[in-house]
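Note that chain A is present in both complexes that follow, paired respectively with chain B and with chain C.
Entry: the complex of A and B
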C-alpha cells in the first residue's frame, strides 16, 4: 500500500515536471581539487625529484591520517625542480585531509621544511592567473 | 576563479643572529603570537630576526604580528618581568601588508604561565594591568595550569587571551560556566600550532586539547596562532583556516578564528589602557603649559 502510493507520488511529480522545464542541480560538480604548492626547505640547495615529492606527500598523509589517508589518490600533475613548485590534484572529498597534512608537516629528511600552498581551486583553469600578483599601474 | 591563498611577508635574513619568533599576519588582521622560549632576561638569549628575502619570496599575508615574551611564574622567588625590546631595534624596515600600502604592525605580547596565585605578582589577580611593567606590552595573555586558576582567569583577570596548553595532556577539564563567563567578557582562548609541526605526540596533544576546547566553547572566541620560533614554522592564513576543520570548527568559525576574533583581541587590548573604553590619556607637551602659566 505504502509503496504504491509512493510510486504514484513519483509518477505524479514526473508528469508535472515533464510539462514544463527541467531543473538540474549540480552539487559540487567538480570531482577534483587542484593545488599549487611549493616546498620551502631550510637548506635551499637540496634537490627533490618528482618521485621523492610524491613519496613525501604520501608519507605526510600517512603520518597524520594513517593508511586510509595514504590511500588518497593524489597526483602530481606538474613539478618544477628549480623552484620546488608542484601542481597537485586530489579528489574533492580528500582536500581537507591533504591540505591539513601538508600544513602540519615540519620536517623533510631531518631538515625543517614548510609547504606553502599558493593556490587552491576546483578548476584547473583558475590556477593560471593569480589576482594577488596583479600590478594595477 | 579559485581561492588564492594569500602570502605572508617574511622579513629578510639579517647578518647578526638574533633569534626571534616573528609571526607575520596577512591582510587578515590576525594576531599571531610567537613564543620566545627564554630566560626572563632577554639580553641573554640568542635571537634571529628574519627579514623579507630579496626578491620577496612569499608574503604570507598577515597584517599584524605579535612578539611573545613568556614569563614563567614560580612562587619561590621574585622574578623580573621581561621588558620588551623596542620594535625598531629588531626589524629595520617593516614589510608592507599585501594589497595595501601600510606596513605591518608589530606588537609586544606577554604570556604569563601560572599555576597558582603568587604573592609576587600583583597582576593579573588584582586587576592592575596598568602597572609600569605591563604597560609596555600591547597584549596580555595568561596560561593557567590548574583548574582554579583557569576559573579565576576566565572570570576575573584583566587579560586578553587565555592560552590552552598544547604540549601536554590537559591538566583539567573545561567547564561550561567559566568559559561562558570568559566569552561574555570578551576574553579569547588561544590554540597554538607550532608544536604540532615537530612531533607526532605533540600533534596528538594539540588536536586533542583543541577539540576539547571547541566542544566546550562551541567555536566562539577562539584564535589559532602560531608559536613560531623560526620563519619555517609559519603557515599562511588559509592553511590555518583549513586546520580549523581538524579542530572541530565550522568553516565560518575557522575563518573568524584567524581574522575577526583576532581583531577583537587587538581592540580589547587597546581598551585596557582607557577608562571603560571611552577615555584615554596621553602625555602632552609640557612647554606649552609653562608658557601659559608664565604669561
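Entry: the complex of A and C
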C-alpha cells in the first residue's frame, strides 16, 4: 500500500515540475511587518519632523499599552515631510498593538489628527507597488 | 460546567518598618495595584484590571494579601506587581515591595497554602527564640494551626464569606 502511494506522490511531483508551476507556502516567515501610514491633521500647514513623529508614535503606544507597549521596537524607515507619509517597521508580534494604538489616537498637540494606514505587508518589497494608485493610461 | 474562573494571588507586602504595615488598608493596596497596572500596561491593562479585580483579604499584622484577577489575563496583571515601589495611604508614602508566594484557583487552596507556609515560618523562628516563654508560645501556635477550628480566627471569618469548591 505504502509503495503505491509513494509512486503516486512521485508521479504527482513530476507532473508539477513539468507544468512549470510550484506553490511555496511560508508560515510566519518574516520577523517584521511594514506599514505605510499617513498622518492627517486638522491644520494642514503643521510641520512634523521625523523625530516628532517617532516620539508621537511612542506616546500613542504608551497611552494605550503602557511602558511595555512603549518599549516596542518601532522604526521609521522613510518619512516624507510634505505629505506626512511614513514607512514604519515593527516586529510581527507587535503589529496589532501598534496598529490599534495608531487607530485610537485622536489628538496631536491639541489638534485633531488621524492616522491613515495605506499599506501593510510582511515584506518590504510588497509596499513598492500599489494597485490603488495605479494609472492605467 | 460553565463557570467564571479567577486566579487568586497570595502576595506578601514587605516593608522596612513593621509599624508602617499596620496602617495599610485594602483600598490603598487596590489603588496602588491599579495605578501600577495602568502605568505598566496602559489603558488596556487598566481596563483588564477593572473587570474582576479586588483585594479579597488583607492581614495588616503579617502583610499577607489575596488579590483576585480574572483567569484569562492574570499573568499580564501579575507582571505589573514587581513595579510597585510604594503604597500611599492616609497621606503617607510607605516604601514596600510585593512578593508573590502562591497562585491558586480558589480562596480555599490559598488558605491551605497560607497555613502550611505559616507553620513553616514558625518552625524557622523556633531556633531563634531568646527565652523559654517565647518558645512555648510559638510551640502552642504551631500546634493550634489547622483548617477547621483553632488556627487563625480572623482568617477563617474572612474566607468563609466566599465559598468556592477546589479546582
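Note that in this section the second predicted complex is superposed on the first by the 108 of 137 C-alpha atoms of A that agree within 3 Å, B and C clash if a C-alpha of one lies under 4 Å from a C-alpha of the other, contacts with A are read in each partner's own complex, and residues count from 1 in each chain.
The definition used in the following text is that a residue touches a chain if its C-beta (ideal position, glycine included) is under 8 Å from a C-beta of that chain, and two chains touch if they have at least 3 such contacts.
Computed from a predicted structure; not experimentally measured.
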*Joint occupancy of chain A by chain B and chain C, clash or fit*: fit
_If we overlay the two complexes on their shared chain A, which of chain B and chain C does A:117 touch? Say first, second, both or neither._
first
*Have a look at where A:31 lands relative to chain B and chain C in the superposition and call it first, second, both or neither.*
neither
*asked:* Just checking: does A:64 make contact with chain B only, chain C only, both, or neither of them? Give me first, second, both or neither.
replied: both
*Spot which of chain B and chain C makes contact with more residues of chain A, would you?*
B
_Three-chain overlay, closest Cα atoms of chain B and chain C, distance in Å_ = 6
*Residue by residue on chain A, keep only those touching chain B in one complex and chain C in the other, then list them.*
63-64
_Could you list, by residue number, the parts of chain C that touch chain A in their complex?_
38-45, 79
*Flag every residue of chain B that touches chain A in the complex, lowest number first.*
1-7, 57-58, 60, 98-99, 193, 196-198, 200, 203, 230, 232-236, 238-240, 242-243, 245-246
*Note which residues of chain A are touching chain C in the complex, please.*
61-69
*Of chain A, residues touching chain B in the complex*: 34, 38, 40, 42, 63-64, 96, 99-100, 102-107, 112-114, 116-123, 126-127, 129-132
